[in-house]
Amino acid sequence: MIVVMNHGAKQEEIQRVIDRLTGAGFQIHLSEGVERTIIGAIGDKTRLSQLALEAMPGVDKLVPILQQFKLAGREFKEQGTVVKVGNISIGGEQLHVMAGPCAVESRGQLLEVAHEVKEAGATLLRGGAFKPRTSPYAFQGLEEEGLKILAEAREQTGLPIVTEVVDPRTVELVANYTDILQIGARNMQNFFLLKEVAKADKPVLLKRGPSATIEEWLMAAEYIMAGGNYNVILCERGIRTYETYTRNTLDLNAVPAVKNLSHLPVIVDPSHGTGKWKLVAPMARAAIAAGADGLMVEVHCSPAEAMSDGPQSLTPENFRVLMQEIRQIAPVMGRKLG
Amino acid sequence: MIVVMNHGAKQEEIQRVIDRLTGAGFQIHLSEGVERTIIGAIGDKTRLSQLALEAMPGVDKLVPILQQFKLAGREFKEQGTVVKVGNISIGGEQLHVMAGPCAVESRGQLLEVAHEVKEAGATLLRGGAFKPRTSPYAFQGLEEEGLKILAEAREQTGLPIVTEVVDPRTVELVANYTDILQIGARNMQNFFLLKEVAKADKPVLLKRGPSATIEEWLMAAEYIMAGGNYNVILCERGIRTYETYTRNTLDLNAVPAVKNLSHLPVIVDPSHGTGKWKLVAPMARAAIAAGADGLMVEVHCSPAEAMSDGPQSLTPENFRVLMQEIRQIAPVMGRKLG
Amino acid sequence: MIVVMNHGAKQEEIQRVIDRLTGAGFQIHLSEGVERTIIGAIGDKTRLSQLALEAMPGVDKLVPILQQFKLAGREFKEQGTVVKVGNISIGGEQLHVMAGPCAVESRGQLLEVAHEVKEAGATLLRGGAFKPRTSPYAFQGLEEEGLKILAEAREQTGLPIVTEVVDPRTVELVANYTDILQIGARNMQNFFLLKEVAKADKPVLLKRGPSATIEEWLMAAEYIMAGGNYNVILCERGIRTYETYTRNTLDLNAVPAVKNLSHLPVIVDPSHGTGKWKLVAPMARAAIAAGADGLMVEVHCSPAEAMSDGPQSLTPENFRVLMQEIRQIAPVMGRKLG
Amino acid sequence: MIVVMNHGAKQEEIQRVIDRLTGAGFQIHLSEGVERTIIGAIGDKTRLSQLALEAMPGVDKLVPILQQFKLAGREFKEQGTVVKVGNISIGGEQLHVMAGPCAVESRGQLLEVAHEVKEAGATLLRGGAFKPRTSPYAFQGLEEEGLKILAEAREQTGLPIVTEVVDPRTVELVANYTDILQIGARNMQNFFLLKEVAKADKPVLLKRGPSATIEEWLMAAEYIMAGGNYNVILCERGIRTYETYTRNTLDLNAVPAVKNLSHLPVIVDPSHGTGKWKLVAPMARAAIAAGADGLMVEVHCSPAEAMSDGPQSLTPENFRVLMQEIRQIAPVMGRKLG
């Protein structure tokens, strides 16, 4: 951390900053320039947020030098993390595709699509039972009934399931059914929910918030890890920009960026990321070529009847074509698709 | 709602869209142009999200004509809503300033600042007991202990209190102490928390999410109102943009925009909105000149010792100067500051 | 400037960075931490961009400590700059309002509105003769004919004029007619145009680019100043964000921010900034309350007939009401409106 | 175009809108709903911007139904455009990679890198002779001297060249040397420059502006096409978002989006798009997988000595590896790399 003092900061103001830093165990390097005095502080970065240096008299600004996360960082753990879900390993040589409908709508709908995606090569089944919706008048999900249907689909197909948890009060309930607990984009900084999934004995799929920086996303992972659960899978799903043609701007730059900064596996959701089914396959291919460890894709047997997010869902047929393309790109990346 | 069909959509595709709309009770207006066919649909807008039209074959896109909110809209209620908090009326002629520290840190700290802000003219006391923090290693708040201190400050000063609620499980607890339940920016789309405060018998201060459009913000208000609680106060607190000089970009345009679209009162938080105390007073004055019904301002007796957000806190002295300026601008707006 | 080396950077890589910096006349402060080595460099900041340090082996990133502008900075000149235009002083005690139509459409249209805005208290006349339009099929301006009409309006009303220059080849032509050369938002980083107006003997009104940071805006001012023209007036006119309700997001935070960073006067254009005439008056009042030195406002005698930007133009009547309100807010700011 | 009238618009206001539309040759469809009246207008969309409907009394807003571009649109020309540059075809089966340094720095530097990139498989040579730089103190390019060096490199290697034109006064000069005229991102809406390159007898590479929507980008292409030059190649190079880890956010979604909307070829520049050389190869691979017709990549023999944009330049060795990867992904896309 660098503390930049104001042009004309007084000697005593500089001293007071130094005292507070050394008092908190930081090692100090002082640079007195013509225009400004600059104080470098080296020590436990996790303590800096408690020092309130930015409000001290004479301080112009703080300049962070290192990322604030620790457990989630590549410097903490050189080797990429592999998250085990049953006999599946996410983050290893094998790519994994989680496919299924946005929402579980009925037993028939889910079972049909579950078999379809399995046949096409998906290795996990996705589907929402609790749906956070922008409008209070929209379909809100089948809740526990949906979880039961997901569990039945797993039994029939053998595919582990991933479903969203939206409320700290239902983490335990959802964890009883699902194989991976999904934190949705809007809940990425719902810290009280993060603390709850940190206690659960299930891997967590953490979607990037729609306006979260890569660093904030990794800090959210840090919450879960600091709470004791190291099995975090990151999922890029698009950020909010000024562009309106796409629902979100799927930020594939985040894939190699996360690979540089963190050891956690990262997958990509091109369905929410673009909001248009025609863009899903190109961006899914691109995600794999950028180095993602897998995909999360919405598939619906009749998108035009879907109760949520139909416009971004692939038909089983389109999904099969996409899987075929991924299978060809995988080896270029030194990966394979089962 | 307008449904724009693809260039070259088939007659049967057009008919299927019309059938689905009329089946849902919509009245249809068909425009067959040279390049495109356009279907206008008039009816209950709250049902549209369930029709999944965008995924139907031949559909290019949906163009919403009316805002999706209803209860929160100016067309639903012409007259501005006045929210009563004890003997205070927010949204009336009187402007209200909610002041206090970002976080309750100790009994001494809060009581001191409470008396200071009251003397300067604040009519409500703010202070966080539960703090959602980006870093798991940062101070997380005094929790119930903090609520008790807030209640004591209210007793001593007579100022009603406003404090944040962050978890559906603690809504009841917080409601037992506070006069206004605050929904923080990061929780604006925590729909399960919104549903919980909708059931509480306390007014809700709803902060705008850091990447929420004005329409999404009003949809979040709609959640609370649809759940039975009509006492919603909106609070603009800055949005995320590419600009990095300010912590957020305080969007004062939202003040007259909300006044046009909605009947709900709107206040402004220039402390979080700018993140720099030097910008707080100019933007607070500007907020009032733009037509805001009040302000939420962070005040701390020694910002440099604050456990959170010191850099954006005013000293009591700076706060008094600001209140003096507001007092002079208020009459230009046909308002007054008590 | 701080150079942060990679975790594990080699001693020779560190030495090579130090050598390049000292070779360029920089003074060095070295901090060797456990995790990272950090090199502080103090010297002529304008030379840093030529050193390409960021690409040197072992370098993680550069962290700028000081703003890159110099002539435009408050540290270069403590006192606020006052720009003289005829017998008008922009940046002094007096607030100035530049009003008129978006585009000069005809002699009759301009003369009528010129007299109207003068009567209401405007002290400068605005109007576009060269119009940069998003569509090649839209009205592109009257060009020199428009300049002649502006000059005639000045003769009749005594109001100095401000009009946009869009092409390096016509700077001289426009300068022959206008009192202030306006650089439009889309041209803020048209550096070859900036260099040309730097040579002109007329003050320059520099609009902020739609996606320019405050620092980039001041760097554009630096171009003009480095070219020899110190009479630069900054104009905030809205930035591009994800919000779609307003045409742009007028960023009033930029007003106090610029006042902190720079000595140049700053005015605000709420017409382009919001794109909706109903929001113009509230945001104009707010701009003055935030500390702006003046306004630029679109006024059109019949907005519904305007050939460009009608929806954001005030009628003369609405403009008079606004001027009345500004007249009342000005004294709170220690300013006056003539 | 849909005109949405205000709740409570008067019959005569509605009639006046209809009259103006029919007077301009539009065909009208009227929908009188309970809440609002909606007027659909079908006709020559290029004339709408001249009608100023949005400012007419009683009008709430205009809702565009069709994109505003015409010549650039897929509806105007079904088949993808192939741009010929010498014996090279951009937009055909063959992928093309334009490689070279950000700026031409010296004869030796350029010739060396030109041979390197040719050998690795690049089919065009890039290099800037006129450099638009944010700081007036940064290296501004070798100007005509740089153009001569580029021409010499072409002679030696046979690679056609692409270089940026920044000023309407030098379009002819640059066109005398280059094979493709490049419009840089900051000049995408420099309409007077666009009109000038429209007259040139050379293909134009049009970079997307840093805050341009896809529609605005295609409107800029429309300017060039409306001016008579149909040989436009689009180039995605990153947009400005709130994310700061990358210099820009390379928006690969734009690749399939442009392919849907337009018939023009589109290439991707991952060097400017990310600003970090480590991200260049992953994003270059991803661009091809998303369906791009080619790449523009910065290569420098010693990035650490580069006079501009070193941190985002590949070494010849890294470039060779990348080309090898692209060669493997191309066939999956039904493309090949020469």
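Just so it is clear, A, B, C and D label the chains in written order, and each chain counts residues from 1 on its own.
Basically, a residue touches a chain if its C-beta (ideal position, glycine included) is under 8 Å from a C-beta of that chain, and two chains touch if they have at least 3 such contacts.
Bear in mind that the values here come from a model prediction, so they are computed numbers and not experimental data.
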Which chains does subunit A share as contact partners with subunit D? B, C
Could you give the separation in Å between the centres of subunit B and subunit D, each centre being the mean of its C-alpha atoms? 39
State, to the nearest whole Å, the distance from the C-alpha centre of subunit C to the C-alpha centre of subunit D. 26
Shared-contact residues (touching 2 or more other chains) in subunit D: 211, 240-242, 244
Taking chains as nodes and touches as edges, what kind of graph is this: line, ring, star, complete or other? complete
Sort out for me which residues of subunit B touch subunit A in the complex. 46-47, 49-50, 52, 54-57, 68, 132-139, 166-169, 186-187, 189-192, 210-211, 216, 219, 222-223, 226-227, 240, 277, 303-308, 310-311, 313
Can you list the subunit D residues touching subunit A in their complex? 211, 213-215, 239, 241-246, 249-253, 255-257, 260-261, 273-274, 278-279, 282-283, 285-291, 325, 328-329, 331-332
Within the complex, subunit A is touched by subunit C residues 2, 4, 7, 27, 29-31, 33-36, 38, 40, 42, 63, 65-66, 75, 240-242, 244
